[in-house]
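Worksheet: the structure to be examined is printed underneath.
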Amino acid sequence: MTLNPTIKAILDNYESDNPGTKANLARILTAGHLGGTGKLVILPVDQGFEHGPARSFAINPPAYDPQYHYKLAIDAGLSAYAAPLGMIEAGADTFAGQIPTILKVNSSNSWATSISQAITGTVDDALRLGCSAIGFTIYPGSDGIFDAMNEIREMSAEAKAVGIATVIWSYPRGGDISKKGELSLDVGAYAAHMAALLGAHIIKVKLPTADIEQKEAVEVYKNGDWSTQAKRVAHVRQACFAGRRIVVFSGGATKGSDALYQDARDIRDGGGNGSIIGRNTFQRPRDEALEMLAKIIRIYKNEE
Amino acid sequence: MTLNPTIKAILDNYESDNPGTKANLARILTAGHLGGTGKLVILPVDQGFEHGPARSFAINPPAYDPQYHYKLAIDAGLSAYAAPLGMIEAGADTFAGQIPTILKVNSSNSWATSISQAITGTVDDALRLGCSAIGFTIYPGSDGIFDAMNEIREMSAEAKAVGIATVIWSYPRGGDISKKGELSLDVGAYAAHMAALLGAHIIKVKLPTADIEQKEAVEVYKNGDWSTQAKRVAHVRQACFAGRRIVVFSGGATKGSDALYQDARDIRDGGGNGSIIGRNTFQRPRDEALEMLAKIIRIYKNEE
Amino acid sequence: MTLNPTIKAILDNYESDNPGTKANLARILTAGHLGGTGKLVILPVDQGFEHGPARSFAINPPAYDPQYHYKLAIDAGLSAYAAPLGMIEAGADTFAGQIPTILKVNSSNSWATSISQAITGTVDDALRLGCSAIGFTIYPGSDGIFDAMNEIREMSAEAKAVGIATVIWSYPRGGDISKKGELSLDVGAYAAHMAALLGAHIIKVKLPTADIEQKEAVEVYKNGDWSTQAKRVAHVRQACFAGRRIVVFSGGATKGSDALYQDARDIRDGGGNGSIIGRNTFQRPRDEALEMLAKIIRIYKNEE
Amino acid sequence: MTLNPTIKAILDNYESDNPGTKANLARILTAGHLGGTGKLVILPVDQGFEHGPARSFAINPPAYDPQYHYKLAIDAGLSAYAAPLGMIEAGADTFAGQIPTILKVNSSNSWATSISQAITGTVDDALRLGCSAIGFTIYPGSDGIFDAMNEIREMSAEAKAVGIATVIWSYPRGGDISKKGELSLDVGAYAAHMAALLGAHIIKVKLPTADIEQKEAVEVYKNGDWSTQAKRVAHVRQACFAGRRIVVFSGGATKGSDALYQDARDIRDGGGNGSIIGRNTFQRPRDEALEMLAKIIRIYKNEE
Amino acid sequence: MTLNPTIKAILDNYESDNPGTKANLARILTAGHLGGTGKLVILPVDQGFEHGPARSFAINPPAYDPQYHYKLAIDAGLSAYAAPLGMIEAGADTFAGQIPTILKVNSSNSWATSISQAITGTVDDALRLGCSAIGFTIYPGSDGIFDAMNEIREMSAEAKAVGIATVIWSYPRGGDISKKGELSLDVGAYAAHMAALLGAHIIKVKLPTADIEQKEAVEVYKNGDWSTQAKRVAHVRQACFAGRRIVVFSGGATKGSDALYQDARDIRDGGGNGSIIGRNTFQRPRDEALEMLAKIIRIYKNEE
């Protein structure tokens, strides 16, 4: 399969990476219905760890079964499926070779007494389970952020040496950052930039609001036009090395389909690389989720 | 000995595991009177570490001898025997090949100043002692939970590579979890789910009450019917990857035989895989314990 | 991409392998025009090492460039491309993600004073270069065969742990084996079986003649009908664990197209998995090679 | 290329270093327009980590692209370019061999809840990316200074063994040091001296004021003449082993060109080795920055 | 320093290498008077090991001093200097940063009882001594060739990981190769090709004669025109991945200047990358050697 110029251009941006890592990035960029477009839709299912099983799956009980998610991602023609160790182990053999997987290697939970995460998977796990990437969450702003950076530096270096890509979920939280500030534009762009500086190949952040959280940043943002979400996405993309790193946006809490479609359009129009949509898919009935994902894919293909 | 479809179906769920690990799971699933049923009764004797010897064994002095427990488990036709290093070492030769053993590799004690555990055994110990699995306790909710997760990730990866199964005791405790909440349904299901996500082959949790501890979870549970223990067991099983992982329930503090029989019926009716019963056996006279275990086994065989 | 039952059935035969290795086998089995058929055509270019550059490429000078072979394999829609370290390094970045690659990790040469091979690549190289498999040649019958078996045992074990598949080229040679015997049916089947016993995922042997080399084997072969090449292929397939291991056949020295088409038909009719064709492709002009490969692919698809 | 006596004399001061480290120091000392003068101008771009992308680059949007900085440093004929992992990775291949690079291996950020830094790069990264040095920031005075010293001791020892030079950014901060004191002469000289004592090859400090912060130091400074910046620079140079270690001064926050030129003259006249100028370059339009850097270089060449 | 398109194009051929290795190749390609031309002249001084000191240096006694050779290479404006450990150690500090060095990591000697080499240096040595590459000799055809290939595979992999380039001296010798055959065209091209397949960045071979040594190769060479040395060089270049790998030619035994100049013209006209000239330089008086090297450099610059 010859890669088209769009994908070649994206891979060329990862100029310090070995061919193994690029091959895994290429797998993600050529999988599913968006293969070859440079756009991605990723299904992440780490809600069970973060919020517990009932809050995650009770609304759609078939989703208690890890293989439900593999099937959903494959049948919807998504770009990749991301989940913690146990979830990947429960389907990695059945679905080997059917969709690129991202092993979420650290995880928090609702009862955590600090804003931090446990390491729950390794690069060796990713290799034996055939994953194309590891996924790691950092909480910029939290007390434990330096420890987390040390961890991802080690894991990412190990991964890069064996051809595994690195995805960083960068969620500002804790410390001096206000609840509202977690979604502010300056904070979101900064969080994305940190992930890029840490050497991430793919960066996942939340869609930002037009708020500016940091006093010191007000000045630099005041003359910008941040009135539309697409413009805010464009700014986050700028913060990801002017588009040299892939950036995808999370859907956040469950919301209406129309809002999701608008998000996808804004991400597309702002030059973002796509969506990582968890709860908004597996907390809907399968048929409805498939229909919604099909429409989102059409949006990313500029067909809607 | 051909494995019957019930056992084959259970083993098939562990699809990412190597044949060595599956063979050890098969040993547990085919041992004793419940062999081949997919049900398990396991004897755990880590009370000495947790509560001290007198509180554990004075009521039934022969139980001070580690070989007492091996004999009890074998004579009762149980599925496996679980204990800390010293207990296993004191009988592993005499009873080699007679019953699957689970080396409990971490342990707390009554004097612990934190809600945590020490690593007191290793995968190498499990290999040299012929154990089929390692057992590890986590305390979701405690301050040290992330450290414990790091530990079990390492030990479990090591065990899986050499064909040793992993059993996780998941006991919510500490942090914001109330004493009552430790047994609540939402917390129990979440704790079981975390163990599954960490890659456990067998999950051990407590039988939950109908309480809901977490405010955020009230909504998702409010329309469910949790009035019977069997229904609650069914929910925990759901949280264990919709039954893709073996889940057994602990008997808790010593209680009357009838209560234990009812527990077993409820576990059976809810689709749980069995019981792990310590104090309720070895703190009774041997004959009484054997009789009780025989009856529990008949219940799991649907004979009572 | 959902795998079809044909491919699932092949992968199921590798039941002791981890999902990572299966994913790499799946990549080979789903690549190119034969993707999903269970048939393979692989381009191997190790002739330069074995016979020198001029004997390999002078007849078709563009083939001196390693990227020529990558392009040929991709444009022809082949299943994989196999070559030594330097050849893979010279194109692994340009063609990352475009075709599964097999790193040939040992190599002989025309001047070798023993029937043996040097290790010229490693599993680490395979990982950093994004290869799906390592390829290793053994010479059953040679003085050095036990050393070679020790080497592939170590490399294959390392590869399996990190999800890399193993291809064994099994070429009987040396010792008491006569030149004619190298191609005899009993020797060929034996060589294929040894590769299977060594743990190969994919076995490469030569198309055997109807000769029987070993005196001790005459008795067991005498009542068989080995008159057609398809029947001989079927016997070699039998020797590869009754079809549980993929077996592909080499085209040998350059020959006429019609002979190659007949070989492909015989391999197909005998239940072999395909061809590994080197000199017969790159020693022809590119257009002619593409046309020939297209026809061979149609044969394997039962279209001719 | 023969090194001139100026450069040889500087290298001779690093008499305990191996030739690999000296070769990398020589690369920095011979690069760009100041090559061979013993003077340096270094471009550091870690502002994105420290202050976020918009505060760093919004004023000059092309600077969001990491390659902008490589090009600026090369086109301006600077001595080296320093940046964190992600920034270096995004241009290390394109600009390989074009300018010495310094991998900034620790980084803080605006939201840090302690005066500390995360390790975000390693000596192995420096080797694979072709960097001539690692850069490390310490905050003398902060609670975490001993940890930071432990870290740089380990990393610097590792770097020296493989021929990589060490640059220490020494910024007094925290503890009993007042805000004003951070820039005082005694504190600045002390901070520079600590970096020298830690084994730095190149020391980066801020230009000090004439204030004396430490009561115990007043006596020793009272008879000195610290009225000019050049004299203060000379004192800091003294603190860097009487000039046996290279010391460069940071430009601080963006300021007018004339102030920067005066700084350069003072550094030159005081015997300092040069400037490390970040924001004052990349926060100006490229043409203006190039013009300014050209003039600074002329100043260091004694041409203005 | 911006690299020109000639050098960029050469570096691009090393597409699987990390930026560190490319930076070291760039150093060699930009050093000396031929910097930026894509041509190289390298001074190798391993004759002392191979032939003993008197046979190497008695004719020009100043050459007993290792620093003589460093100076000669620097003063002549060569691209690199290659020598065994002791020779490099004796000048690496004095000449740090003045010329790229190649640590010859294996060496033979006149008394060797087998056609083989001892490992006399390591990648760690190369790093501590600031070398840009390791150099390794193989003797294709010899009994020990497979062991040598194993050694260079390991050392080269280690070197590539830390950004050190690999130069392979490929000298056919031993086994069935006749003395005359060592210089034959087919053997020389094959030897160069093997070095390329082993992953060498720079290949060093001897200028071949028009003889064809191997019977099997006669056919493929018979229609070629090998009458001029330039055409033979072009063929060797072809064998080095059609020019994707740098190939330099050795001057062989001491000969007249005119012959050397003609060699250089032929190498240039045939598309070779340059000369590696040892005895022909250091066995001449320094002035004469400098004059000769200046003329060779002018030839490579197309000025003569």
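In order of appearance the chains are A, B, C, D and E, and numbering begins at 1 in each one.
Note that in this section a residue touches a chain if its C-beta (ideal position, glycine included) is under 8 Å from a C-beta of that chain, and two chains touch if they have at least 3 such contacts.
All values derive from a computational prediction rather than experimental measurement.
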Fewest hops from chain B to chain D - one hop per pair of touching chains: 2
Interface copy of A-B among D-E, B-C or A-D, judged by whether over half of the contact pairs recur: A-D
Comparison of A-C and B-C (more C-beta pairs in contact): A-C
Averaged-CA centre spacing for the pair chain E and chain C, given as whole angstrom: 36
Chain A and chain C: spacing of chain centres that average the CA atoms, whole Å: 39
Whole-Å gap between the CA centroids of chain A and chain E: 49
Two or more partner chains touched - positions in chain D: 92-93, 124, 128-129
Graph class of chain-chain contacts, one of line, ring, star, complete, other: other
Chains touching one another, given as label pairs in label order: A-B, A-C, A-D, A-E, B-C, C-E, D-E
Contact footprint of chain E on chain C as seen in their complex: 48-49, 51-55, 57-59, 61, 64-66, 84-94, 107, 109-114, 116-122, 124-125, 128-129
Touching residues on chain B, where the partner in the complex is chain C: 15-16, 18-19, 161
Chain D partner contacts - residues on chain A that touch it in the complex: 13, 15-17, 140-143, 145-147, 149-150, 153, 157, 172, 174-177, 186, 189-190, 192-194, 196-200, 214, 216-217, 220-221, 224, 235, 238-239, 241-242, 244-245
Of all residues in chain A, those that touch chain C in their complex: 1-3, 7, 11, 18-27, 29-32, 74-75, 92-93, 96-99, 124, 127-131, 161-163
